[in-house]
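Worksheet: the structure to be examined is printed underneath.
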Amino acid sequence: MMDFAWTAEAEALRTEVRSFLAEHLPPELEERLYDTGDSHDADFVKALGERHWIAPDWPRDGFPRLGAEEVHVLENELTRVEAPIYACSTGMMVAKVMHAVGSDFLRDEIVPKVVRGEVTIALGMSEPEAGSDVAAIQSRAREVDGGWVLDGQKMFTTNGHLADYVFMLVRTDPESERHRGLTTFLVPLDLEGVEAQAVFTVSGERTNITYYSEVFLEDRWRISEVGAGWHSLMLALQDEHSAPFSPHLARLVERAEGWATTPGPDGAVPIEREDVRRRLVEAAVDLEVAELLEARTTWMEARGDVPVAEGPMSKLYSTEAGVRHAESLTAMVGPDALRSRTDPTAVADGMIEHSLRFSLGMTIYAGTSEVQRNIIAQQRCGMPRG
Amino acid sequence: MMDFAWTAEAEALRTEVRSFLAEHLPPELEERLYDTGDSHDADFVKALGERHWIAPDWPRDGFPRLGAEEVHVLENELTRVEAPIYACSTGMMVAKVMHAVGSDFLRDEIVPKVVRGEVTIALGMSEPEAGSDVAAIQSRAREVDGGWVLDGQKMFTTNGHLADYVFMLVRTDPESERHRGLTTFLVPLDLEGVEAQAVFTVSGERTNITYYSEVFLEDRWRISEVGAGWHSLMLALQDEHSAPFSPHLARLVERAEGWATTPGPDGAVPIEREDVRRRLVEAAVDLEVAELLEARTTWMEARGDVPVAEGPMSKLYSTEAGVRHAESLTAMVGPDALRSRTDPTAVADGMIEHSLRFSLGMTIYAGTSEVQRNIIAQQRCGMPRG
Amino acid sequence: MEFRLDEGQIELQRTVARFCADRFPLDALADREGRPVQADDWQALADLGVLGLLVPETDGGSGLGVVDAALVFEQLGDHLVPGPVLWSLLAAPLVGDVVTGGCMVAGVESSALSDGAVVVDHAAEIDVLLVVHPDHVSAHRLADLPAPVPLDAVDPLATVGRINGLGEGDRVGDAATAAQLRLLGTVLASAMLVGVSDRSLRVARDYALERHQFGVPIGSFQAIKHLLADMYVRTQCAQSAMYAAAAVLDDPDSSDPARAAAGAKLLAADAAIENATTAIQVLGGMGFTWDMLPNHLLKRAWATEQDFGTIDDHAAHLGATIDAMAS
Amino acid sequence: MEFRLDEGQIELQRTVARFCADRFPLDALADREGRPVQADDWQALADLGVLGLLVPETDGGSGLGVVDAALVFEQLGDHLVPGPVLWSLLAAPLVGDVVTGGCMVAGVESSALSDGAVVVDHAAEIDVLLVVHPDHVSAHRLADLPAPVPLDAVDPLATVGRINGLGEGDRVGDAATAAQLRLLGTVLASAMLVGVSDRSLRVARDYALERHQFGVPIGSFQAIKHLLADMYVRTQCAQSAMYAAAAVLDDPDSSDPARAAAGAKLLAADAAIENATTAIQVLGGMGFTWDMLPNHLLKRAWATEQDFGTIDDHAAHLGATIDAMAS
């Protein structure tokens, strides 16, 4: 029998998460994150870790292991309010790789700290000449007495200025090409020779270019076998569980509805206008669909299926709908919609303006819409590669 | 100085063409063409030929040679009312090839008849396995005493059941591949072994599959040198002057405006409704742009420039706008829009319904939208082929 | 949460798919153009239990739920099954002999009325015309009505006629029944449209793999791939919303049935029209010929979009109830 | 018919392009963020004759036409030139010292007024504020107004301020002048937006050729090609409509200037926003960073869409005059 309702446990968790957020994500913290563009807050992450909400599907003494539906609700609630959890996701992505192929030191010393929210790990994969085509990387490490010396440069090291470590993919065999001769390391970000240079995005988040110049690294920080870096990277990416994207659309709709149901300076309530209702309905219908798609993906995960094209489909649908509706709802509000949050005359607290900018990155990061369409065509329509 | 007005000569010609149409394209003929799906009428074509309007840029004693702007106006007016001129266009395409590479017989006997509207020529290029990729054709001719024997099958031979000849591209060297070993012929359609089987399109036009079974053909019907067929085909296609597409959009807009300004059964005039005005404006703006683009293409031709990407751009813009607005204006009219012209209860004489079906073919024939985008990207944005 | 069909449902789906493929083969569509529903086909549909799906077992039906019926109608759309199956199924609990195939029913919503006349699919073939008014449902024996005037059908696989004047008819349902019929009709029309979307995708996909250009299947070209990916996404979205709406109709307390049904119809009609149109584009010149499947899929999509509220109607309904959507 | 620029126009275009590239280099945008207009830049613009383009030669201007001015503003958009150049140009015939660069003018349409306050680009930097009312034009010396309250600018290359209360000001134009300023402003804002569209296309094109993935330029992929083709078409359409509108303003009897201007603005704003957005998508992760050109192009497009009527405003205007469009 089909059943589209969430479990009672999941609904109970939703309430719990919301009261957690009311306590741990006060307006001041939200404001600071907005102003700095940071995607991380150490206290918030520690509080999450104390509830075992960083890796809720990971076994830990004294804590229940959450089911897929509960994990979904937890992530949804956190994402909807833009809680600073990105360093946790990246940390757990790397923790799972270390758990699978890392040394005892990494597995026993580092992984538990990630789970508890005590340390965070940024990602160092992309390079100026290696975006989607990761195999084109040029950063390198050469073996020296007692360890390695790293040189290179990584793009988009989000949290590179706040995290404790960065997960680095580098070329250890200078003669090698493409996927061969690569090795992964966990690089402490406080080592000498490491530098993070701020890069701000259109939506105001801070990411970094990180530079590595003659960085000496003990061998215990090596994650993969020498030359087996590509395999360990694949382990990280294989974790098909993708972040939910519909909460971003939900946030936009919520803000727009808030504006529409509040009387304007002339006393008129915008939602009485037909075009306002039309635009809101279009967004609300797409939001319901996006949520349904994600619910189904969650249900597949709960069954142990791999949603190999469902994740891409959800991401494609939610993020493209996000762009479309951010534009439409901006037009709905009119010129004032473009004043930003830091402007005292901003409409809807400037958050429709922020959604408009934010939405443009969503169709790019974590695989562009073009890449998602290729995956869907190949995986679900049986089209040939290339 | 920029100047966007048509010449006085062109405007005078417009008036002349309109009165010609009033005389030679009476409602009964329109209706017969609609019912049969034919794209040709011998009397109409003869009347066109008498005015030298089949090849108005072709020298002919006793007639002025029209300039690019006048040709444009002539074609626009004819296309807008769906006059049966397709067999003239295809005929002239082939006449130009015969003029360039054909024998004296073809040049002196056939070409003038095409120009005068006394004979028509259909195209036999596409095959079941060779659409955009014409070089994949399999129809063949083998040399015999005194001529050739043709075998094969051609798709989309529009007017194949009405025209006098078909322009055939066949493989004359059975060992050859792709572009080599091809030859072009002018095949009289009344020869034994030629058969035309009707294929109707979604918009109700009749095209044909033509079958050629052991058709004996004298050598005088050969157009190209043996093996030089590809070159002569390229000559035909190189004629970059493309048919105008905006008149189809103009026809749709005109019909929709006619509906919108006529009181409905309840006495209300639809154009008073805001959504009706919005939909009409969107279509009218796109129509103005489409006409501007075509005017500029015409102007380039008049200057002797080759509008290598402008033709594709005009076609892409006009035809995609056609699909979009046919859908939008159908929704504007409501359920009744879908009753066809032959239905006594039809709205707007069923012609919005016809535009809806017609528009879907426009983005396919004469190069799909995908092909047009490739051309534009390569020719005007400098993108690499392939 | 459970998105999977149970075993009975999967079996039902398979049975109907096999039946349709067997009795209404898509490679013989030309034979069906403009033809009335064949008596043996109608009897076979009745024998299969399609017409009595929602009638309780005690009354000779199958007593199944709306989700089950939706599965069946997805298949009917997928195979372009002809005839007023949906209206007959809706009428089955209200009008005698429908379940057994002895009485064929078509219908109209009273909103379709203008100057007292109605345009009805299969008008000349039916026994009874069902009219869903805002506050009641009436049934009219064809024998008591003026003879239908034949019109051109949007969908060439159907016939259509205009009936000038209905009279009173028999009152066979109250306002609640009328509302329920409208909801059921909306969801099951959506199911047919999802079937049309999915078939359009498969037709385009098969062609993209078979047809070669420049030595490779045209499905290797990114432009074609992306068209197919978008077709897939549209089908999946419409299907998810349609199943969800069907489930809400089975358990009306779980959510708002009118809202769910409106959303489903809107998405399913859009998916069917867009996908059939895209199938024409993918098939190119061949796709634009009358006898090929995309033409028939598009016509069916256009015709079914009109039943139980157009895209615009449902968008307007959702707009009017937007306050309920605020989350 | 003549679509070609004459030699004088081509020379003008080249001169302005060279000037902009030299004085406002796009690789040093970061230096210009949030910065007021520099006095020497403003003087240079005046010296080049930009501010007096439409002022008769007898009054110290260049006495050029609207098409010429459109060519210049295309370049200003293309190079993201800062400052209230458009408003100053509009004010030049009405307010003293503008042509020589001695008086900087910004402006608002009275439709922008709410609760007596106005939001003005470069409010703190100007000498005079021009207000275009429905039936007249007024000029207000900044010195006589309350001090502007700085706000965040949509376009980081501009500053913006709120002025609370305007008073009466001096009447410097009648209803006809007001109407003419609105038309000119609409067309020249369109020209700037066409410049932004075209620059967005060129940025995306260059990146698509330079950036390699899997061993080939990303411009080899059909998905990227088609994005670029659509950018090209949008730019060409907007440019054609914009030049046509400018030509109509130069020869108002040839067609309806209000309708032509509205169509141009609608198309140009859409092209600029869509192209800048597409440039971000083509440049991928890099495109989404603040310091890269696409961000600035998009911000300029958003900001300029608001000037002299948004897309929606112009669509509404055309809708209201639809009867004139019926052909």
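Per-chain numbering from 1; labels A, B, C and D assigned in written order.
One rule holds in what follows: a contact is a pair of C-beta atoms (placed from the backbone, for glycine too) under 8 Å apart; a residue touches a chain by one contact, two chains touch by 3 or more.
Keep in mind that what you see is a predicted model, and the values were worked out from it rather than measured.
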* To do: Going through A-C, B-C or A-D one by one, find the pair whose contacts repeat those of B-D for over half of the pairs by residue number.
  => A-C
* Between A-D and A-C, flag the pair that has more C-beta pairs in contact. => A-C
* For subunit A and subunit B, let me know how many angstrom lie between their CA-based centres, rounded off. => 52
* Structure fact -> dist(centroid_CA(subunit A), centroid_CA(subunit D)) in Å evaluates to 37
* Just give me the whole-number Å value for how far the CA centre of subunit A lies from that of subunit C. => 41
* Structure fact -> Going by residue number, subunit C touches two or more other chains at 221-224, 226
* subunit B, residues touching no fewer than two other chains -> 370, 373
* Across the complex, what residues on subunit C touch subunit B? -> 112, 114-115, 119, 151-152, 154, 162, 212-214, 221, 223-224, 273, 277, 280-281, 284-291, 295, 298, 302-303, 306, 310-312
* Structure fact -> Counting only contacts in the complex, subunit D reaches subunit C at residues 221-223, 226
* State the interface residues of subunit B toward subunit C in the complex, per the touch definition above. => 126, 129, 131-133, 136, 155-156, 199-204, 207, 265, 323, 327, 331, 334-335, 338-340, 342-345, 360-361, 363-365, 368-370, 373
* Which of the residues in subunit D come into contact with subunit B in the complex? -> 1-6, 67, 201, 205, 208-209, 216-217, 219-220, 222, 224-226, 228-233, 236-237, 240-241, 243-244, 246-248, 254, 263, 266-267, 315, 318-320, 322-323, 325-327
* Structure fact -> In their shared complex, subunit D is touched by residues of subunit B numbered 1-7, 69, 250, 253-254, 257, 261, 271, 274, 277-278, 280-282, 284-285, 288-289, 292-293, 295-296, 298-300, 302-303, 309, 313, 316-317, 370, 372-374, 376-378, 380-384, 386
